[in-house]
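The following pair of complexes shares a single chain, chain A, combined with chain B in the former and chain C in the latter.
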Partner chain A sequence: MEVKLWQAVQAILNGILTGALYSLIGMGMALIFGVMRIVNFAHGAFMMLGMYATWMLFERLHVNPYFGFLAAAAMLFVLGYATYQGLLRRIADRSDFMQILLTLGISLILTNGVQLIFGADYHQINFGLLDINVRLNSHVSLNLPWLLAFGITLVLGVGMFLVVMKSRLGRALRAIAQNRYAASLMGIDVMRIQALSFGMGLAAVGVAGGLLLPVFYLYPGAGDQFTLKAFVIVVLGGMGSIGGAAIAGVVLGIIENLTSLYWGNEWALVVDFIVFLLVLSLRPSGLFGSQRV
Partner chain B sequence: MARVIRPSWLSRGVLFALLVGVACKADSKQAANTFRIGVVTSLTGSQAAFGQAHKNGYTVAIGELNAKGGVLGKQIELVYYDDQSKPDQAVQGVAKLVDQDHVPIILGAFSSENSRAMIPAVTAKKVPLIMPTATADNVMETGSPWVFRICAGSGGYASATIDFLKNNGAPKTMAIVYENTNFGQANAKSMKELAPAAGIEIIDDEAYQSNSPDYKALLQRVKAKEPEVVYFASYLLDATTLMRQSEQVGLNPKFVTSAGTGFAVAEFPTDKGAGKYAEYTLSVAQWVPSAKWAGSSEFDAAFTKLTGAHPAYHAMEAYAALLVAAEAINLGKSDQSAAIADALRKVKLDTPFGPVQFDAKGQNPHPLLVTQVQDAKYKVVWPADVAETKPVPTPAWADRK
Partner chain C sequence: MTRKRALIAAACFVLCLLVPLVVDQDYQLNVLFRITLFAGLGLAWNLVGGYAGQLSLGHAAFFGIGAYGLVLFNEKLGLPIWLAFVLGVVAAVGAALLIGRVAFRLRGPYFALSTIAFAEVLRISAKNLTSITGGDVGVQAPALFDTHPSQWFYVSAVLLTALAFTVTALIVRSRFGYWLQAIREDEDTAMACGIDAASTKLRVLAISAALTAIGGGLYASQFFFIVPDQVVGLEISNEIAIIAMLGGAGTLTGPLVGAVLLETATELFKSWFQEAHLLIYGVLIVLVVLFLPEGIVGTVARVWRRRKAGS
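Our next item is the complex of A and B:
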């Protein structure tokens, strides 16, 4: 019996570690959705770019991915800012449908562009750090790369939350989320702030990509599945709530791990989407309150 | 007035499309001095690495064949269709290759899933299909007279693994871990059918969603059942994650066995795959560069010259498939699909992949090898008469250096 208990503990801890990365991906999307009302269907593709950036740094310049992710984040921030100014801005007042088409289009261009440049081969990185496991007792152990990713995510997640809740920029973000017309009347440069928040949202997913690289693998389609996951997290967390997305990501990680442990891995995605549908139909404002951003 | 403009643009568009169409037609006429063979494989998408292996295998084969004069006095030209690792695209590929490119024979696809999807299409169009790598046995169960398979199927994988286990310690319990696709399910099904007869009880049966970063809970579940053998059916990406995380959760079966594929590609025992976590894993292989069949080492050399890396068996199977297609075309002395299919039934060809001769169902009875990763290399350890070395017992993770 005790062994079984430890198993559950192990699964929950693993779920928290995996979930933290989901949170970061989801928070990026939640920020973008909150401020712009755009569901960024290119989210996973941008994450894949972050992974490639981290990978290139590691392969060419031998930069450890646990530093390299910072460069990936910076690159994605700039890219996000430019993408907003060049493309998204033009359709800001158009229908949701246009926005879906545009972000989906960006996603396809990124995925296939990367494939043209780097080829379809998958890549993996290996270095000594990946082999270290932290044993808590004879039944529970945690893999160091996942722990590191969790620690970094925690710091950055809290930082992002504080920026949004406490800083001047954050106040402007929230004002736009509540009512962009009123915000612009109050002297907020809506376009600039939206461009910044798109950059920040992508930087978050770039960090997630950089942190995922050492424990996952890389190919041009590697990010695709995470777009959907991020969307589920944004909905669970309450359409645009960053704190909500953070919690929802961890909850999703734990649900997946426990489902895998008790029912089998093939049910993990099924349960994900059952939870998603239940929340959508019973509590459309999300699991965690209705406050936006 | 705007209404008047639109149809004019439309008609210009149509005219343009027609011109392009005519240009393409002219192109295909120009190419009439070559003999076209259709290829469907996964050049993009999640199985692109295998599709690339196919392409490299075909490239080596076409170089050799055309140097010897091609077929029916013409040089061979391969017309590729990229199925993007998706079954629906593979079906579209058949339509495109047959209706537009007029190829009399098709080779492909890479995955069992895509190959299975193509069978109704080639049957309806009465075009022979040679499958180099589809191991799921349901691709041979349609009864279609137009399909031919070079490689051994999932039943062969399971029986080769069981044969090895019976003669090397005769374990009693097994867990099957497989990806939830046609390939994974077919291999799991074959194992479930064959293991009990050999006195091996299947105590765990785990399907999983492929391409996930986290299989630790799944592996914990397997660990709790304490099987003596784990049988994996996975592609490379997941094979690597599964082995790394097996170490993390401390899953220690006496035998880690697998239905080839991800556990049998050249990258798997290297740093580009599972690296040291691949050590001691057993796999079923259709072919290895050190295989005894004549031409194996020459193919290895040609492939290595082309790509800079040693070939896995997927490339060899594609290579062999094209050799067999060319042989059938020359044997039937025809560029018609029906004649080529008849000739395929008569082909008897010694290839570096071993002798190829299709049975009444279109299956080539290809013998399988059991390999083990030892010092980052695949070594044939079974059957005993062709083994390079003896199998080594698998130590617990904690006991490895």
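Our next item is the complex of A and C:
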């Protein structure tokens, strides 16, 4: 009995650690949706780019992924800014139908482009740190890479939240989220701020990608399931709510780990989607109210 | 559609039916089967995505239910093969009513997201329930035709496309079709005019799902062996949507043009790029969204109308 209880505790703790990374991915998605009203179907594909960038740095230049993720984030910020200015900006006034299709197209190009360049092989990196576990008692232990990722995510997630809530840029973001037209009348350069927020949203998945690399397999389709998870998180947290997405990510992490424990890992994604469909049909504004950004 | 155009369309379909008299190589017939099948699927998608303006990215769900319905009702329950085929289509309609009820209550991107979620639930469940579906190992599909299968599969794909084309042509000029287009243009105004938007969307999704499931059943039997990733995967959903968008969503002939172009391009790309042949999908989507938002047929029709008006 007691063993079973500790198993559940372990699953919940793992869920919180995984969930923190989900939160970061979801917060990026929520920021983009809140400010731009774009559902970014390329979210996971950009994360995969972040993973490949961190991986290249590790393989070629022996840069530790726990520094390399910063480079991945910077790269994705620039890429996001450029993608907005080059592509998304041109269809800003079109229906969400078209915007979804465009980001879907970008996602297919990224995934298959990477496959063309790097091949479809799986990669996994290995260094000493990865096997270290922190034992809490005889039944519960935490894996050091996940703990590190959790700490970094916590700092950056809080930082991102503060930027959105406290800074001048954040105020502009929230103004656009509330009313794009009125914001432009108040002297906010809407296009520039939207480009910045797309860059920030992608920088968040760049960080998540870099931190996932040590604990995950790398292949061109690695990001796909995270796009879907990000949808679930954003809907769960209330479309466009960054704080909601942060909580929803952790909730999703715990749900997944408990599912894995009791039904098996292969059902985790199914449960994700069932939660998603249930939330949509029962409480479409999300579990945590309907406030935006 | 005028009488003259209906006659032209009928003549074209009869000509397509006669192709097996000239072409007798299995490979060529199989490529033609794929093109015509996806033309039919594109037409089915077009009812929901083009005329009603609801972006479905989960049509693989209905395709897969048609495919697995045929296999499972026949193999597991021992029902006659054509009955199993019909039951697969009925199951897809049931699924469409279920998902539509959840997804159509909401606007904007929610519908697209829910269709993906629904298709993925089915795909992963099919992978995991190995005792029923065979999982990733796959399952053998029963043969619908014993003699000259390539010829008959091609002919049935042409018939499916002709059916989808006729259904679309009839709907577009009906009261029901105008309701759909009113909902696409402005759902609030449509409702203010007394259109029951929820039930209209639900009905068109059911029709679309039935046609898609017929395609799924044909595909499974023709392919002889199916696995979940192949018949319920996001790839199928994307392929169907891209075909209709490329040719022109909301146009009658758009999906036909889209299917011919995309399937030919895919066939060529497969030999050049092999693994990354989906790259062409991505490039085409981006190009269509940026430069041809009305698709090929839609753009040509607009230019044509303008010239006619000008002269």
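Note that in this section the second predicted complex is superposed on the first by the 292 of 293 C-alpha atoms of A that agree within 3 Å, B and C clash if a C-alpha of one lies under 4 Å from a C-alpha of the other, contacts with A are read in each partner's own complex, and residues count from 1 in each chain.
Just so it is clear, a residue touches a chain if its C-beta (ideal position, glycine included) is under 8 Å from a C-beta of that chain, and two chains touch if they have at least 3 such contacts.
Given the structure is predicted, the values throughout are model-derived calculations rather than measurements.
Q: Sharing chain A, do chain B and chain C clash or fit in the superposition?
A: Clash: chain B and chain C overlap once superposed on chain A.
Q: Give one of first, second, both or neither to describe whether A:Thr153 is in contact with chain B, with chain C, with both, or with none.
A: neither
Q: Looking at the overlay, does A:Ser241 come into contact with chain B only (first), chain C only (second), both, or neither?
A: neither
Q: Go through the superposed model and pick first if A:Ser141 touches only chain B, second if only chain C, both, or neither.
A: Touch status of A:Ser141: first partner only.
Q: In the overlay, answer first, second, both or neither for which of chain B and chain C A:Leu102 touches.
A: second
Q: Touching A:Gln115, do we find chain B (first), chain C (second), both, or neither?
A: Both partners, chain B and chain C.
Q: Applying the document's definition of touch, where does A:Ser281 land relative to chain B and chain C: first, second, both, or neither?
A: second
Q: Using the superposition on chain A described above, determine whether A:Leu269 touches chain B (first), chain C (second), both, or neither.
A: In the superposition, A:Leu269 touches chain B and chain C alike.
Q: Taking the options 41-49, 59-67, 203-211 or 221-229, which segment of chain C carries the C-alpha atoms that clash with chain B in the overlay?
A: None of the options clash except 221-229.
Q: Residue by residue on chain A, keep only those touching chain B in one complex and chain C in the other, then list them.
A: Shared contact residues on chain A: 112, 115, 119-120, 264, 266, 269.
Q: Give every residue of chain C touching chain A within the complex, in rising order.
A: Chain C reaches chain A through residues 53, 55, 57, 101-103, 105-106, 108-110, 112-114, 116-118, 120-121, 124-125, 127-128, 234, 238, 241, 245, 273, 275-279, 281-286, 288-290, 293.
Q: Residue numbers of chain B touching chain A in their complex, please.
A: 43-46, 48-49, 51-52, 180, 206-209, 211-218, 220-221, 224, 236-237, 240-241, 244-245, 247-250, 271-273, 275
Q: Applying the document's contact rule, which stretches of chain A touch chain C when the two form their complex?
A: Touching chain C from chain A are residues 39, 87, 90-91, 94, 96-98, 100-102, 104-113, 115-116, 119-120, 224, 228, 231-232, 235, 264, 266-267, 269-270, 273-274, 276-277, 280-281, 284.
Q: Could you list, by residue number, the parts of chain A that touch chain B in their complex?
A: Contacts found on chain A: 3-4, 7, 10-11, 14-15, 18, 112, 115, 119-124, 126, 130-131, 133, 141, 143, 212, 215-217, 219-221, 225, 256-261, 264-266, 268-269.
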